[in-house]
């Protein structure tokens, strides 16, 4: 009996595994940058070994303090954040977090951002030198920094420059994370593809704002921030579907995913994997629940890979 | 006593009035195109005389049947519609609806859209010939038509072409309604301003999609549609605030407004008036409630015009 | 209209509820009409956002009753309503079932929760009541209990269950076939598949058939144009209409007016 | 953790509630810690989306108690909770009040609902209890009733009301001033203005002061970095930190660690 059960688990587990080009994941569930700390914080709430991959908080060359508060505000079925990419910096990450983090069998993806193309390529080099990082996710789309950031994310040529530089600097899998703040996401996909990205993740938060009518002031210290959570899911799904119509590399869907059903919707739209963001704030083990839900799904319906882009239009 | 009360009402009413360039409105509350029918339908639920203005369902030269169903789907704190600009056509509007509609003292604004620049200018001409229409709102941003529509809305040059043609064809107030589906809303504002628009309204719905994981099909007959409702309010507020930083013509804020407080937020961000859309579906008299709420506000705080763009940053 | 819950109790099964609300609108709902219910209070939650449509199951002096099945978020929330709670209701909306003629033999065909509008209709039947019959298709014999209130009114009820646990086994439409006479008129409400089959049946038999349809709705009052269904070729030609609006032109339609192939 | 409501009753006024929940977590909350409460069930509503933070008012074997004031959407929803309802709670979170030393004279300063964490703290005080005093600033004498439970524990309570309807009129901090001695230690919780004034007072008097702070929170567990407040110059220099996280490094801070000018 023991054997039989083992076998069926094995089957489920291969049926849950997905491949993003060179990057093989035990399952398609990845925790999104900035919503899962450096991974270790969640050990108290779930088994992080069960994830497909963990993406770190966005890393810069130097540590960053972030924006003045308030940094978050709730909105209908969503939230706006203006953290300002606060992070401990790549060296502290490598020295303090990575040694502990790489003990998990889950793949570690480092999310990186710079203010110049050069900073991106230095980050890529530095992270390629160390053991334990499986891929880099290039954040060209964070709306919360004054320099760089957004302009890379909305101009296909600038985006390609960043990707090309990172591509040259590393042998790791390169995932490029796109901003939703563009008229034509297809053009962005084509551009970062031709610059050599191995996969494309989308979407980052949507630039947004909240105002306190009583004080007549913006709610956020930074005035603007990025909208995330279930409110943006319909926009994210549309963008993944549009991206899938032109993409030749694998896509990773992000935006308001809280359940396994949400994940399946993104996979049907064309994503090979998904990222769980805001949902982890509400339920720290949300990502693990999505994995369990997908496990149930493949037990009944077979290989998850058959679902990728299987939307009947 | 009676006199005193009358006086104070009068004061309130001038304190609620706003001016969009040449267009004077008794109050800043306008019902959004496509969410208020041709206005008459709401007589059973509220006094339409209390509104600042009514914007008609989008009108085209010829009647349009619209998209196959399902045409709407609910999303977290929002909804997606893919009506497909179904409308009775400009002639039927002029002959059947306008005669009844112009009995209200509320200003009537005709929302127009075409598939070519020429169609826009013909619509503008036709509607300028008749009595009862105070302004035209140019919809260059509807995501639901295959031809025209979206491409006008996301390309500043194309948008300007449409506005210029309408400007030439009419002496009515021209309001241009912008799509949120652009990287740089400021550029769009500048472009339609230089083409001669008298005011700018924003935002239209955000392109979006819903998928039924069980049937593996898109929920909407048209696959994609436009997201509206409270979910998009933070994005709309941000865009109005950005637009206000460059606009020289008055702005009209739209997106998820359901209460007077929401309206005040848009006004603080820089809007001279607001439009109520999806909220009218949930409560047919929602727009009237916003007017009442603003009335209370100005009774306590004085002229609403002082609030326009008064955000302290 | 803000309405107070008189009671909200499960009926027949644990997913079916009967909700009685105070009703102070001047308009009294007629059989076939529906109401739109706000399941969340906008001051505390904006999700679910849209109202949910429900047929009027029964109506009396100062109250209305809805019969609903818990299928998703909105109906789950509704099922937690308690006596004294407030709920916002818009209506009555839509067109009623045409009053059957005296000479007509009324055949009601209901599938599952589609039975809801037939109670009020049955109540309003007068002399013709003795000739009226309800064919009720249910999943199981437990669900079939939903027809008890109509039976009590003195209407003949013929049950079919999908699992054969009560009455005839199989689709309700199969049962109807043998029963149609020349002066029969069919009123149907239920799942699309059932309505489609019923419409075909009526067409083949050459009898009049009215169907109460469902569609996703935002406004319920004919302004969002969201609830449109394809009209039949016939309607298209005679009225130059490609779509009909379920909320304002229906929910009750002559089955000939609908393009069944497109559903 | 899914928790069952034991009771949820209004206390002192009709906007203050005491919510008792079953508690099966191994970790027992200590004074000053907080929990994050999910006010809506995600299977029926995604709005409000985020959990709400609340200090632990009291805790016993198998239960915890929260004292809350209805201020907005989330707390309105909470106020409708009834015995037997389920609510999802995350915690205990954050750092506790440091245990006061025997020799210290404990001065608790609470403004409004800021009284919440002091009940559990007062309960844990042993010998020092006779020397502890709570200064409670309330809007009116009705609000002032919130201090009754602490009084019952044998703690001296000195009330100030803004409207002068009970105790001293004016700000609570004015009352504290005369009371500070050399070995006093101040624990404060309440509105920002009050905390700022208290911190200044403590600084001027050269006594130790701990404050329990609030900030907008998304996660409550130190990962979103949303709840950051500016750290004092001192912290900046010694620890190279510009911000402190209220949820994981607080909510209780030494008042010297906070940059009060930026609040």
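First chain written, first letter: the chains are A, B, C and D, and each begins at residue 1.
Everything below uses one rule, namely that a residue touches a chain if its C-beta (ideal position, glycine included) is under 8 Å from a C-beta of that chain, and two chains touch if they have at least 3 such contacts.
Just so it is clear, the model here is predicted, and its values are computed rather than measured.
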Any chain in contact with chain A as well as chain B: C, D
Labels of chains that are neighbours to chain B and to chain D: A, C
Of B-C and A-C, pair with higher C-beta contact tally: B-C
Rounded Å distance, chain A centre to chain C centre (Cα mean): 46
CA centroid of chain C to CA centroid of chain D, Å: 53
Inter-centroid spacing, chain D versus chain A (mean Cα positions, whole Å): 36
Where chain D touches two or more other chains, by residue: 46-48
Multi-chain contact residues (two or more partners), chain A: 76-78, 229-230
Overall pattern in which the protein chains touch one another (line/ring/star/complete/other): complete
Sites on chain D touched by chain C in the complex: 40, 43-48, 73, 76-77
Interface residues, chain B side, partner chain C - complex: 34-37, 41-42, 44-45, 57, 65-66, 68-74, 76-79, 81, 83, 86, 229-230, 258, 278, 280-284
Interface residues, chain D side, partner chain B - complex: 46-47
Residues of chain A that touch chain B when the two form their complex: 75-78, 80, 154-155, 181-184, 206-211, 213, 215-218, 223-224, 227, 229-235, 237-238, 241, 256, 261, 264-265, 268-269, 310-313
Touch list for chain B against partner chain D, complex: 76-77, 230
